[in-house]
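Shared between the two complexes below is chain A, which pairs with chain B and chain C, respectively.
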Partner chain A sequence: MSAETNGAVAAFAGLTVRYGRATAVEGVSLAVQKGEVYALLGRNGSGKTSMIRCLLGQRKACAGSAALFGLDAWRDRQPAMRRVGVVPESPDMPPALDALELANFCSRLYPTWDGKGVTSRLERFGVPAKVPFGRLSRGQKNQLALALALAPMPEVLILDDPTLGLDAVARREFFEELVGDLADRGTTVFISTHDLHGIEGIASRVGILKAGHLLLDEEMEALKSKFRTVRWSGDAGPSPDAPSLAALSPLRVRRDAWGTEAVVRAFDEAAFARLVQDLAPSVVEASSLSLEELFIAMVGEEGGLS
Partner chain B sequence: MSGFAQVFMLELRLRRAVFPAALVAGIIPIPMAWIMSRNFGFSEALNTGALAFALIGGELLALYLGATVLCQDLNEGRHGFYFSRPLSGLALWAGKFTAAWTVVLGAMLVAIIPASLLGGGLASLAGLENPLWTYDVGPRILLPLWMPILVAVAVLLVMAFAHAASVMRFSSPWIILDVVMVVLLPAMAWWALRRVMTFQTPLLFVVLIVAFAASLLAGLLAAGAAQTMLGRADLRRGHRVLSLTLWTILTAGVLAADGYALWAVTVSPKDLRSVMRVSSAPTGPWVLIEGGLKHRGPYARASFIVNVQTGTYRSVGGTQWGSAVAFSPNGKLAVAFETPFSFDNGPSEVVSYDLIGPEIPQPARHAITISSAWESRTAFSPDSSRLAVLSEDNLSLYELPSWKLLVVQRLSSAPSVKGTTRLLFLDRDHLRILRGDGGPRTAPDGTTILEFNVAQKTLQETGHVSSRSYLLQLDSTRGRMLAVFQQQGGNYQLALCDAQTGAVLKVLTEWGPHYPMASFMGDGRILAAEKGNAQSFLRLFSTQGELQRTCPLGASRIAVAGPKVWGGKVVVETWERQTKIYDEGDVRLFDPATGDLRILPGLRPTHSIWFRSDEAEQGSAGGVTSWLFPDDKGKLIRYDFETGKATPVKF
Partner chain C sequence: MLRVNPAEAAPIWRQIEEGVRRLVASGQLRPGQSVPSVRDLARDLRVNPATVSKAYQHLTDAGLLDVRRGEGTFVAEAPPSMRKAERREALREGAERYASLAVTIGASRGDASEELGRAWEDLARGKSGGQP
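And then the complex of A and B:
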């Protein structure tokens, strides 16, 4: 299904981005539905920012397309941007302008503008209104960028690693603000981030990029249920390709002094019961993965999908 | 408010510090003027200093802002801020660029304020009466507008150039195209300029320069806009879009200019606005026609040798009015001075055309360079076996048709009046030379008469015409007589002189405030036009200068007898004033026997006497030009004296 026809708020269809001879993104297709919080995860250089630039109409795809609201993101960038709020990877505003001047400039570009919201957010964040943008701290720059991105009350928020370089407090404040807006207006969010703890509680769908390829595109609930860690004591047990373990699609199997640990990606109770039977009398337990554990299992140096 | 206006206002806000800085910088010329005022007046030094400071500073600021107004954001990754807003690329580019342009122009104005308060700067600009850049451009009332407009355009051009240069990256493969085009396009532009330069007409040159500047400006602006709109935040793509847009527009502009230049210089007789001059070989079907060209500006002209029997033609001669083209007396050869390339009256080469060879005569170049076509002269011997070429007082004689150089003779080390020397072969071995005395650019003090013996290679001064005499014409019976008019204060008289000694044989007209004109008829008699107190007269003198007939000439006071004769009558060309010879004039048929002088309606003068009367004289009665005239629309026609019918000459 093409990005234009599936009714998604944001969509990529076979997106390919190259920089000279280097391929940054290759054949990626995904869709973000209205109201979703889509977390795009990936290591540095995996192609996240390239995808977001294509979605914002700042870079033309070498092949495939990116679409916003069913409109081609490159060709119809300007009308699409009226409905989008953006927080870039590195806040990129003119360094000589202060927050009020920037807000004043932006306010006249959008049909709707919540001026009071900007002021209250800046006060809440503690961002000084009359200090030039270039002299703000990294955290303040990001908070200002978020305030400006939320002010036009956008239908979609696109955030490119917005908490990069922020301390723990600033990260928390950032996500709290985001959660608040989501709760108030049900905004659709497309976010790329390395802050897996921060996003875990709010993401409804996750995509994982590795070297420009989309490894995974799943709803968070399904992801949590399918991906588990299975541990059993002792060093005996089936090999990864034994039928009882293979039924769970192990991503990685590791043995240590305590026993054996396998990360599986197709967990279900029946298959798990067969594995318990095979491993008796060893103690077998299954536990959920955090998003970070899952991410490391998927794209980490040891094992992982390719 | 539109995106353009928002970006414009934002950029002005970002650059607002420029204005107080310009005001402070504008104080700098004041102490400089005070120091300079020891050698110049304070006001003059302040005017010049303030304007120069503002202009130079403004262009430098334009260079800086052009290079940074968009590219700094692009290089530092800040374009995303604008492109993640509902702003069009065009609004972003135009808003930022217009704001930067406004800042530069505003800063230039602000920088003049301190000097203006002291009476310099702007005040001096308004006081300029005849600055160089207004020459021949427009009404003087518009003078104050030209400089600001030119400065504004120059600032825009510098900014657009700086922006384009700052987008080009050596890491991009498109830089190869940039380098190639930077070399190729100026070469193509030079090709066009060089072609029109040979026409020596300012309009074509100005048209090309304006076309190049306009296409450069349009190309740079369009490329900058396209780079922002289609390259957006992508540097490499931006470079590619900029290069493709810039070089496409510039190539189209330069190719159009090349095409225009090619069209402008590829001319045929049909391109003549009007035929202004007709002269011919004494025998044979070849005539020289010359005239202004259509659609190529007021000064563009061309001359052609035309075979009036077949209609074939060839463009000949240099690029100036009164082109130096001479026919040999036997009608077999035409010799022209042609300027291969010159922006002014520069060196030319001697080119000959064989008129009995191929249907269209081909040029034969003879590696003979002359200093200037206008100041040089040629003369054929009566038997057409020798050619004399005079250039900068150096006389060269060639044997024809071998073009063997016989002798080179320096006429004199004394200065001569440029363009006044006349040559006339008395016979195969004797050449009469009349050389105007005086400085290169002054009126002649007199005329020195020399005779060169070709066989003995000796040069002898045989006579001198008294001071302040202007040579009008040598007679056509091999240089026996001279007609001169002499000047004394504001009065003139016409005299007949011995062509060997310069002695005055007869005063033909008495001193009067209007200079007279005279020309020899084919039989050696003299026709003179003279303006009296109320009336002009045409007077006919015998070969000895005896008055034979006086005819009223009406309003005309200038008359020359052309070489055209028919049935014992002679064609006379008349004008009211010398300043009108290109626009007005009548052709009249004069009967020396009866004094009848009647206008031939629908004909215009051939001007053959005005240009190079020594050579035109060789086109004698009976030649084809006897019946060729421009008509009142400037077209060349064949005139039948019997019936009065005019038939167009087909080319």
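And then the complex of A and C:
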């Protein structure tokens, strides 16, 4: 295990997953440290679920490895999984059992079980205790899965797009509950999600996956300070490789009727001041990007990275 | 009464710190009044509790908040006393951030000074100003 992944709660080292001749994940390395909330972002089919399946020991890596607490997720699945809480994309449980029966069943699989926590979470979510799992709504199934995943007080919570298909209210409740657990126990979280708006304030670190490759792996705060949209009036101005613009590392430059817009990934005040000088007398503006805008700039169809 | 926008470039902990400062400066939070717990504020804002905790830590270090063990967190009874040099340093740091913001959104020096004056008046009149 490399020095970088030492002490990590979850880590991938050169992970490669192939299905037949198709490569789903290629040489991905990243580490999730204790107390972090790591958000793995990527479009459908980018390899997120393959990575999570490897981390849960459900799939063997073709090359490289996935590890939990320094244990190989495939070889040491049993001891590793006892310390993990999981909310899968579509929770699958015996359809005839109700929430209480499922909680009772699961409680016997773990050495510690916070039964009161399950009851109070289900109450807050409004998940009925006596309705069979098969008749619960999609949102209720995910909420129940979260309540059951948190009950053994896991050291790490692994969530595979847990708010997919949930309405706005259910998504909000789901994230509030997650935040509450972070406050109470400081659980480490590894979450793949399409809900960029919901995760934006919660994630402490972000990875972006595109076609099986990790394009970016960075602290959220650093990410936010480095990415900007820079606009100036008129279609004059530097080409993307002019030094004053290149210093900001433009991802893509677009010209439209109002002027020119560049998304840059290495913004800093001094470099920007030089660009402003170069472009005088044009008016130059810099504005921040939401996680969603940043994501689209990185992986969108016209995103300049290929 | 406190809002943050995770999409802003300014780190969320700084938005919270500045939001609390604004509420105290405008008298909406009074000395001795309690502020929400880290857990409650994190849930309300749906942000990472570590972020709220970092903002509270900064405010406590600055003498604006007061943590009473087992009771909660309160607005300090007495305004933090600062040495002249420290105050100058804090003002310069804030001014630098404001000036950078003004420049990067293409505002003139005159616009920036005018807004600063207006914000000062709003606080004096007990309006929180800032975010719409």
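For this structure, a couple of remarks:
The working rule: the second predicted complex is superposed on the first by the 301 of 306 C-alpha atoms of A that agree within 3 Å, B and C clash if a C-alpha of one lies under 4 Å from a C-alpha of the other, contacts with A are read in each partner's own complex, and residues count from 1 in each chain.
In this section, contacts are C-beta pairs under 8 Å (C-beta built on N, C-alpha and C of every residue); 3 or more make two chains touch, one makes a residue touch a chain.
Just so you know, these numbers come straight off a predicted model, no measurement behind them.
By the document's definition of touching, of the two partners only chain C reaches A:224; chain B does not. Shared-chain residue A:105: touches chain B; no touch with chain C.
Once chain A of one complex is fitted onto chain A of the other, the partner contacts of A:130 are absent, as it touches neither chain B nor chain C. When the two complexes are overlaid on their common chain A, residue A:287 makes contact with chain C while staying clear of chain B. When the shared chain is aligned, chain B comes close enough to touch A:79, but chain C does not. Once the two complexes are laid over each other on the shared chain, residue contacts for A:21 go to neither chain B nor chain C. In the superposed pair of complexes, A:269 makes contact with chain C only, with no contact to chain B.
In the superposition on chain A, contact of A:180 is made with chain C only, not with chain B. When the two structures are aligned on the shared chain, A:172 is found in touch with chain C, with no touch to chain B. In the superposition on the C-alpha atoms of chain A, no part of chain A is touched by chain B in one complex and by chain C in the other. Note for the complex: chain A touches chain C at residues 35, 37, 172, 175-176, 179-180, 182-184, 186, 198, 200-204, 221, 224-225, 228, 269, 272-273, 276, 283-291, 293. Here chain B touches chain A in the complex through residues 1, 3, 6, 10, 13-14, 73, 76-81, 83-88, 232-234, 236-237, going by the rule given at the top. Chain A meets chain B in the complex at residues 19-20, 53, 56-60, 77-79, 81-82, 84, 86, 88, 90, 92-94, 96-97, 101, 105-106, 108-110, 158. Residue ranges of chain C in contact with chain A, taken from their complex: 4, 6-12, 38-39, 42-43, 45-51, 100, 103-106.
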